[in-house]
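The same chain A turns up in both complexes below, where it pairs with chain B and then with chain C.
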Partner chain A sequence: MNDLREDEKTISRRKFLIRMMKAGASITAAGALAAFLHDKKAPSGYAGGEVVQIPDFSLEKDARSLAIVSGENRKLTLEKAIDALGGIGRFIKKGDRVLIKVNAAFATPPVLCATTHPDLVREMIALCLKAGASEARVTDNPINDPASCFLLTGIREATESSGGKLILPKSEYFKHTTLINGNLIRDWPVLYAPFDGVTKLIGMAPLKDHHRSGASMTMKNWYGLLGGRRNIFHQDIHNIIKELAMMVKPTLAILDGTNAMMTNGPTGGSLSDLKATNMLIAGTDSVAIDAFGSALLERRLSDLPFIQKAADMGVGTADYESLKPVRITIN
Partner chain B sequence: MGGISVETLAGTIILIALGVIGATVWMVQGRYDKGFFKSAVSQNNSEAAAPVIEDSPPKILSGMEPEGFSPMSDAEIFNPDILSEKINGKADLYIECDFRELTARRYVNQKDPALWFEIYIYDMKEPRNAFSVYSMQRRPQTKDSAVAPFAYSTENALFFTHGVYYVEIVGAQASEILDAALVKTAEKIIAAYPSEPLVLNELSFLPPENMLKHTMKYFLKNAFGFEKMDNILTINYDVSEKEFMVFISERQGVSEAKALRDDYEKFLTAIGGKMTPDENPAIPDLAIIDLMGETEYFFSLGRFIAGIHAAPNREDGDGMVRILYDFMNVEMQK
Partner chain C sequence: MMHNTGYKGLKIVTVRRISQIFFLLIFLWFCAVSTFGIEFWQLRNWPVNLFLNLDPLVALGTILATRTLYRGLLWALVTVILTMIFGRFFCGWACPFGTMHQFFGWLGNRKRKAADVMARNRYRKGQNIKYFILIVFLLMAFVPLNGSVSLQSGLLDPIPFAYRSVNIGLLPVADNIFHFASVTPRQYEHAWLIGGIFLFLLLMNLVIPRFYCRFICPLGALLGILGRFSIWRIGKTKPSCSNCKLCEKACEGACEPSDKIRISECVLCFNCLHVCPDDVLRYGTSESKAGEITNPDITRRGILASFLTGVLAVPMIRIAGKIGTNWHYRAIRPPGALPEEEFLRRCVKCGQCMRICPTNIIVPGGIEGGVENLLTPVLNFRSGTSGCQINCAACGFICPTGAIRPITISEKMGLNEYAEKGPIRLGAAFVDRSRCLPWAMKRPCIVCQENCPVTPKAIYVKEFYETVREGNYEMKEIRGTALHVEGTRMKPGKYATGDYFSLIRDQRYRITENSEDTITLEKAPEDMVDITLSERMEIQIRLQAPVVDVERCIGCGTCEHECPVSGLRAIRVSAENETRNRERSLFLRKR
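Up next is the complex of A and B:
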C-alpha cells in the first residue's frame, strides 16, 4: 500500500493526462446532460419587488345576507335583488370608487353566457353611479386578447355607455401578492392597479359548468385576477378557488343564473348548452351564493369540494338557507 | 492518516458534499413553490403571453369564408402549452387526448356585423382522438348534419370531426344566414384539408334498434375507472324507458380481448363486486358482477370485448346482453 501511495505521489505525465481527460469527459458529459434536460420554457425565479395585499372590501359589521330573484329580465332581477338586500345605499356611499370584476374570459357573444352579461354590467354601473359613486371601474384579466374579449362580450360597450371606466390589463398593472396561510398564492402576480383608490368591490359572474372544477361561479370568478402561468393551478383547482375566496373579500357578489351553462363549460359554444334557470342571486356571502348556484346547476355540494373548503376556512356558509334568503319572483 | 491518503479523504468529502447537494435539490424540488416563479413567457400574461398570431394564416383558414363574409381577425394558433389561454379550463380535455394544435379565426357578415362566427380546428393527431373529444362534448337533442359523418348542428353552431381534426364552428347567434354560412364553411374546410377518415369498425357490431346515437362516447383510456380499459366505445340504448350503456372495444386479437375481459373481472371483484351466476348460460364467457346496486355484464367474443356498464336492473340487463351477444355473433359470421 505504501508503494502505491508513493506511486500516486510521483504520478507520471502520461497518467496525469489520462486522468485529466477522464475528468474532462465526465464534466462534458454532465454538462451535456444538463443542457439536454434544461427546460428553456420553464419558469424562472421571481426577482422580488413590492408585495401587495388586496384590501378587505366586505361589510364586516353587516350580517351576511342573500337574495334570490326569479325572472328572465336581468335588469329587473338585479334591481330587485339589490332592493331585497337593503338597497344600493347599503353597499355604495357617496364618493365611493367601485371596482366591478366581471368574467370576460372569452371573446364570445353574450348570448352564449360564457361571460358576464352586458345588461348586468350596465345596470350595476348605473346603480352605483346613482348611489353617488364617483367612479365605477370594470376589469378582468382574460388571457386571450383582452381587447377582443371585452369588445365581443359586449362588456366594453355596456361599460362605456353607462358611464363606467373599462380597465384592460397591462403588464405594469400586476403586482405580487401572498395569501396569509395560503399554500398556492405565494408571491403570485395579481391584477392590482385597478384596485388603486377603490373603496368597494363587486363581483359579477355567470353560472357555468366547468370542465375542471365542476362549476364556475362567484368564487371562481376571482381566478381572473391572477396573472402569471395561472393554468398550473388547474391541477389543484378546488384549493385555488378556496384560496381566492379567502384572498378576495368583496362588498357584494352577483351570480347570474338567468341562463345557466349546464354542460361543456367553461367555454360552451352552443345555445343548447344553456338552460333557462331564470335566477339571479346576490349577497354578501359568496359561499352561500355558490352553494345555491350548485343546485341550479344540478350539482351536489360533494361534486364541488371548493364550496365546503371555503366554508371550512370561514369564508361563508354552504348552508344558504341559514341566511334566510329573501326570495322574490318577477312575473 | 492511518492508511488513508489525502486524495481518498478529499474524494470522499467531495462525494459526500455532492450527495448533500443532490439531496437538498431533491427536497427543494419536492416542495416546489409555484408562487416563487414566473413564466418565461410572461409574468402577467396580458401581453407577451398572447397567442401566437401568424403573419400568414395557415392554409386551412385561408379562403374559408363563405360568400358575403370577411375575416374578422387573424388566425390564431395555440399549442398544448398555451391552449388554456384560448379555452381556459377545457384545455385539459383536449390535452389528455393528445392534442397538437388549435387554429381559430373569426369571420363577419359584410352587411350585418352582429352576424359573425368563429372556426375552431383542433388537430388531435389521430382520428380516434378527434372523435373522443367530439363525443365527450356531444350535445343531446340536436340536428344531424350532412357535412360529415357524425356531424350535428345546434341553434347557433356546427360540430364535426374530419380525420384528425375536431371542428367547431360557432355562430354569435341563432340565424338562418349564419346557419347557411356555417355549412358552407364546413364544406370548404373538408375540401381544403383532406384527411384520413375515421373508421369505427366496432360500431357495426352493435344492434341498431333502440340505439341513442347522440350518447355515443369514445374513451381513449381509463374507461369505467379501470386503467386497462382503453379505446372503449360506449352508447346508450333505450330499454323499457330506461337507458342502458353498452360498450365495445376491438382489440388486437382474440387473446388480448380475453385477457382484458379477465382483468376487468378481477378489477371489479377487487373493488367489492360480487360475481353472480348466469341463470341462463347462453353466452360463453359472460361475467355478471353486481356492484353498488348496479350490474356489469361483459364477455369477450373473438377480438372484441363488449358488455353493459352499470345496468340499473337485472331483468332488462339480462335481455339486453343477450341481444348484444346475438347481434355480434351474427355480424361476425358475415
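Up next is the complex of A and C:
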C-alpha cells in the first residue's frame, strides 16, 4: 500500500496539469460533437431529391412534316426521306452535338429486326457529321446486358466505324426527373448524362409488335431512357407512352418499317415473325409516324390508345394525311 | 551449382522474384480480362485458364473422378515432369497464391528479430496436415463406396482458390468502381465468404509465413510427394556447419535446410543458398551430406484417419439425398452443365464461369443445395442484368474441366442439327398466381411475356375481362359519349388508362376518361334510345394474364429477372424439366 502511494506521489504538478488539460479538451470535443450532430426529430424517410428536365429538341412546334419512303435498302430510304423533309441541313447545323436514341433492347442480331438496324445508325451518323455536327452520340438503356446488346445488334460497330460515339448506360449516368403535368413520371431515374451538351435529338426505332401496348414504335422507344424498375409502368402502358412522348421532344424521329415484326414482339427471334413491309417513315411528328406505323403493322388505332392520348396532349396528330406526307418509292 | 561466393551475376533469388512477380501479374491479368467483349484486353484467346491447366491437382482430381483428362488439363504434365526433375518449383516460382502468401509473410517479418523469424520458420509437425487433406480429397474423388464420388479438392486447391477469390471477392470491387466487366454493378452471392476466407489466410502469414502453403495446401502436398525423388535438390556439402540457422531464418518452406533437409517441404525459394556464411548449401544433384528426409512426415494413424474420412465423406454427404429425390430446385446450373452426378465429379469451383457470364447471373451456390453445392455455379435471376442470354454460351467455353461442356448456339437454341433434340432447358418458369399483378391484383402487366426470348414465346396470355371492385353503377344519363352514373365516386382518371371498359347490355365500350361521376366512352353506345335510365352497367378491366407453356420454356430466367414484383418474384424458374437430368423432366416423354 505504501509503495503505491509513493508511486502516485511521483506525478509532478506539471504532468498532472497537462493531463487535466488533455482530458478537458477531449471531453469538450466529444460534448461539442454530440451537440452538433444531435437530431431531435426522427428521420423523415425518402423526401425526394434534385430533379432534372430533358430539354426540348423539336424544331417546328406547329408545322410538322412527314416523309414515307418505300424501298428495301435502308441506307437509300433514309437518305431519300431526309431529302424529302428538306435535307439534313434543316435539322443539323454546323457544330451541333447530336444524340441518337436507338432501340438496342435485346442482344439479338440485326437480321431479327428486334433492334434499330445498324445500317440506319451508320447512315444517320454519316449524315449528321456531313452536315457539320461536331459529335454524334448513340445511346440506349437496353433490357439485356448493355455491352452484349450493342455488340450483337451491330450498333456498336456501326457507331464506331462511322465516327459516332457509343455511350453505355452506366449507373451514375441516371438522374431523377419529373414530368411537369405528368402523373407517372415523378422523381424517376432517366438516362440523363448522354444529354449533356447535346443540341439535337434523333429517335430511331424499329416497327414491332408489342403485346401489352399493341405496338412498339417511335414513342415507345423513349422507354429505353427510363431507369430503375421501369417495368412497373406496364400497369399503365398507354399513359406512360403518352408521358414519354410529352417528356422527350426529338428533332427528328425515324421509324424503320423495312421488316416489320408482326408477331412474337418485341423480342421476335425468328425470321417468320417478320414481314417485308419495305417502308421507312421519318418526320417531326411522332404521333403521325406511329399512326402510320400501326397501319403497316395491321393494327387498328382504337387498339393503340396511346396514339390518341399523345395526340390529345398536343404531341402530334394521328391524322397523318393532314401533314401531306411526301411519298417516294425507290425501285 | 550456385552459391554466394565468387558469383557476381544475377542472383538466383532475384530471378525467382522476377518469375513470381511475372506469374502473379499474368494471373491477375487473366482474371481481369475474362470478361465478355471485343476490346483487346477482353477475352480474345488469352490463355485465361493457364494456371488451372498447369495445376496437377485439378488434373489428378478429374482423372480419378472421371477417368479422363479434359482438354487443356494435359498441360499439368509439364508441371509434373518439371517437379520430378527440379522439385516444388511451382510453389516457389509460379504459384500466384504462393507469391501472395510470401509477400504477406515478408511484410510480417520485416521488423522482427532474427531469433523470432527463425522460430516462426521452423518446421512444425502440423505441416503434415496438408498431406491428409490431399488424401481425403483424392479418396473422395476416387473411391465409389456407394457408387458415387465427388471432386471437392477445388475448395482448398490454391489455383481454383486464387481464381475464385480474385474473380468473386476482389475484382468485383474494382468492377463496381471502374465498370471493368460491365456497366452495371457486378453482384455475387457469398462473395463475403470467399473474400473473407481469402483475406484471413493472407493475414495468417503475419503469424506464420506461408501458413497456407505449409499447413493446408493440398497441391503443395501433391507436388511434395512428386518432388521426393527430384534430380536436383537443396543440400549441404558438409555434414556439419557453424549451425547459425541463418538459412532457416530465410526459409520459405520451413524445411530445415540446416539439418536433415525435408525435401517434400522445400519450395525452392533458394534463399538459403545466399545467406549461408559457411557456404555449405548447394542446389545440385548430390545428396545432402547432413542427410535428407524425403518422405512427408505422415504417421500411419494419420493415414488411417484420413483414409476413413476420405472413403466415408461422400456417402455421408449423400445421405441428404441432394442429388437424389431431395435435390434443390433452385440449384439451376448454367447451360451445358453435365448431369448433377457427373457435374460434381468435375467442378473445381474456380469461378471462371461466374466471371465471364456477361449477364452476371452465374453465382457461387450455398449449402441449401447440399454441402457439395457450396461455391459451385448456380443461376440467380434476381441479380445480374438479364436472364441467361439465348445466344451466349461463354460459360461452357471457359470451364476448365468440362463440368459445363462447351455448346454451340445451335445446340443451345435447338437449331439446325439439334432441331429434333430441341433447345437446352435450364429449368421451367412457374407463375405464382397469388403474386402476379394480373392474376392476383387485377392490374395489367405481362412484362414476362414481353421479355420471353423464345420464339414463339413460351409465355402466352389468357385474356379476359373482369369487373372491378365497386364497379357496378347505375346509369343516369347518356349524352353522346358521356355517361353519367350513380354509385361509388370514382377517382378522376382512374379508368382512363385504355384498359377499362364499360359493359352496357353485353357490349363493351372502351373508357377514355372519367370524372367522379361521369365516364367518357370511346364511342357512343349504339341504340341507346331504348336504354332505360337506372339500368345498370359494369366497369371492367381487360386483363392479359401470363401462362407458361412449359414445353417451350427454356428456363432462361429473363421473365423472373424482369418481373416487377421485386421481392419474391411472381414468376420464378426452378430446375424442373432441365434437359441435363432426365429424371427431373415434367412430362411423360413419348418417343
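By our rule, the second predicted complex is superposed on the first by the 280 of 331 C-alpha atoms of A that agree within 3 Å, B and C clash if a C-alpha of one lies under 4 Å from a C-alpha of the other, contacts with A are read in each partner's own complex, and residues count from 1 in each chain.
In this text, contacts are C-beta pairs under 8 Å (C-beta built on N, C-alpha and C of every residue); 3 or more make two chains touch, one makes a residue touch a chain.
Every value quoted in this text rests on a predicted model; they were computed, and no experiment measured them.
Participant: If chain A is used to align the two complexes, do chain B and chain C fit next to each other or clash?
Facilitator: Verdict on chain A: clash between chain B and chain C.
Participant: Given the superposition on chain A, which partner contacts more residues in chain A: chain B or chain C?
Facilitator: More residues of chain A are touched by B.
Participant: Name the contact category of A:238: first (chain B only), second (chain C only), both, or neither.
Facilitator: A:238 contacts chain C only, not chain B.
Participant: According to the stated criteria, A:111 is in contact with first (chain B), second (chain C), both, or neither; which is it?
Facilitator: first
Participant: Looking at A:327, would you say it contacts chain B, chain C, both, or neither? Reply first, second, both or neither.
Facilitator: The answer is neither, since A:327 touches no partner chain.
Participant: Given the touch rule stated above, what does A:144 touch, chain B (first), chain C (second), both, or neither?
Facilitator: Both: A:144 reaches chain B and chain C.
Participant: Name the contact category of A:229: first (chain B only), second (chain C only), both, or neither.
Facilitator: Touch partners of A:229: chain B and chain C.
Participant: Check whether A:267 is in contact with chain B, with chain C, with both or with neither, and answer first, second, both or neither.
Facilitator: After superposing on A, A:267 lies in contact with both chain B and chain C.
Participant: Contacts for A:309 in the overlay, against chain B (first) and chain C (second): which applies, first, second, both or neither?
Facilitator: It touches chain C, and chain B stays clear.
Participant: Taking the superposition on A as described, I'd like to know which of chain B and chain C A:174 touches: first, second, both or neither.
Facilitator: The answer is first: A:174 touches chain B but not chain C.
Participant: By the touch definition at the top of the document, which applies to A:22: first (chain B), second (chain C), both, or neither?
Facilitator: In the superposed model, A:22 contacts neither chain B nor chain C.
Participant: Which stretch of chain C would you flag for clashing with chain B, going by 415-423, 469-477, 487-495 or 523-531?
Facilitator: 415-423
Participant: Quick check on my understanding: which residues of chain A belong to both its chain B contact set and its chain C contact set?
Facilitator: Shared contact residues on chain A: 106-109, 143-146, 148, 152, 168-171, 210-212, 229, 231-232, 234, 237, 263-264, 266-267, 269-270, 273.
Participant: Which residues of chain A touch chain B in the complex?
Facilitator: Residue positions touching the partner: 1, 5, 8, 40-46, 105-109, 111-112, 141, 143-146, 148, 152, 168-171, 173-174, 176, 178, 184-189, 191, 210-213, 216, 227-234, 237, 263-267, 269-273.
Participant: What residues on chain A touch chain C, complex-wise?
Facilitator: My answer: residues 106-109, 143-148, 151-152, 156, 168-171, 183, 210-212, 229, 231-232, 234-239, 263-264, 266-270, 273, 302, 305-306, 308-309.
Participant: If we count contacts the way the header does, which residues on chain C are in touch with chain A in the complex?
Facilitator: Chain C residues touching chain A: 36-38, 179, 182-185, 358-360, 384-386, 389-392, 437, 443-447, 449-457, 461, 493, 496-499, 510, 512, 522, 544, 558, 562-564, 566.
Participant: Give the list of chain B residues in touch with chain A in this complex.
Facilitator: Touching chain A from chain B are residues 3, 5, 7, 33-51, 73, 81, 84-93, 106, 116, 118, 137, 139-142, 154-157, 159, 168, 170, 172-174.
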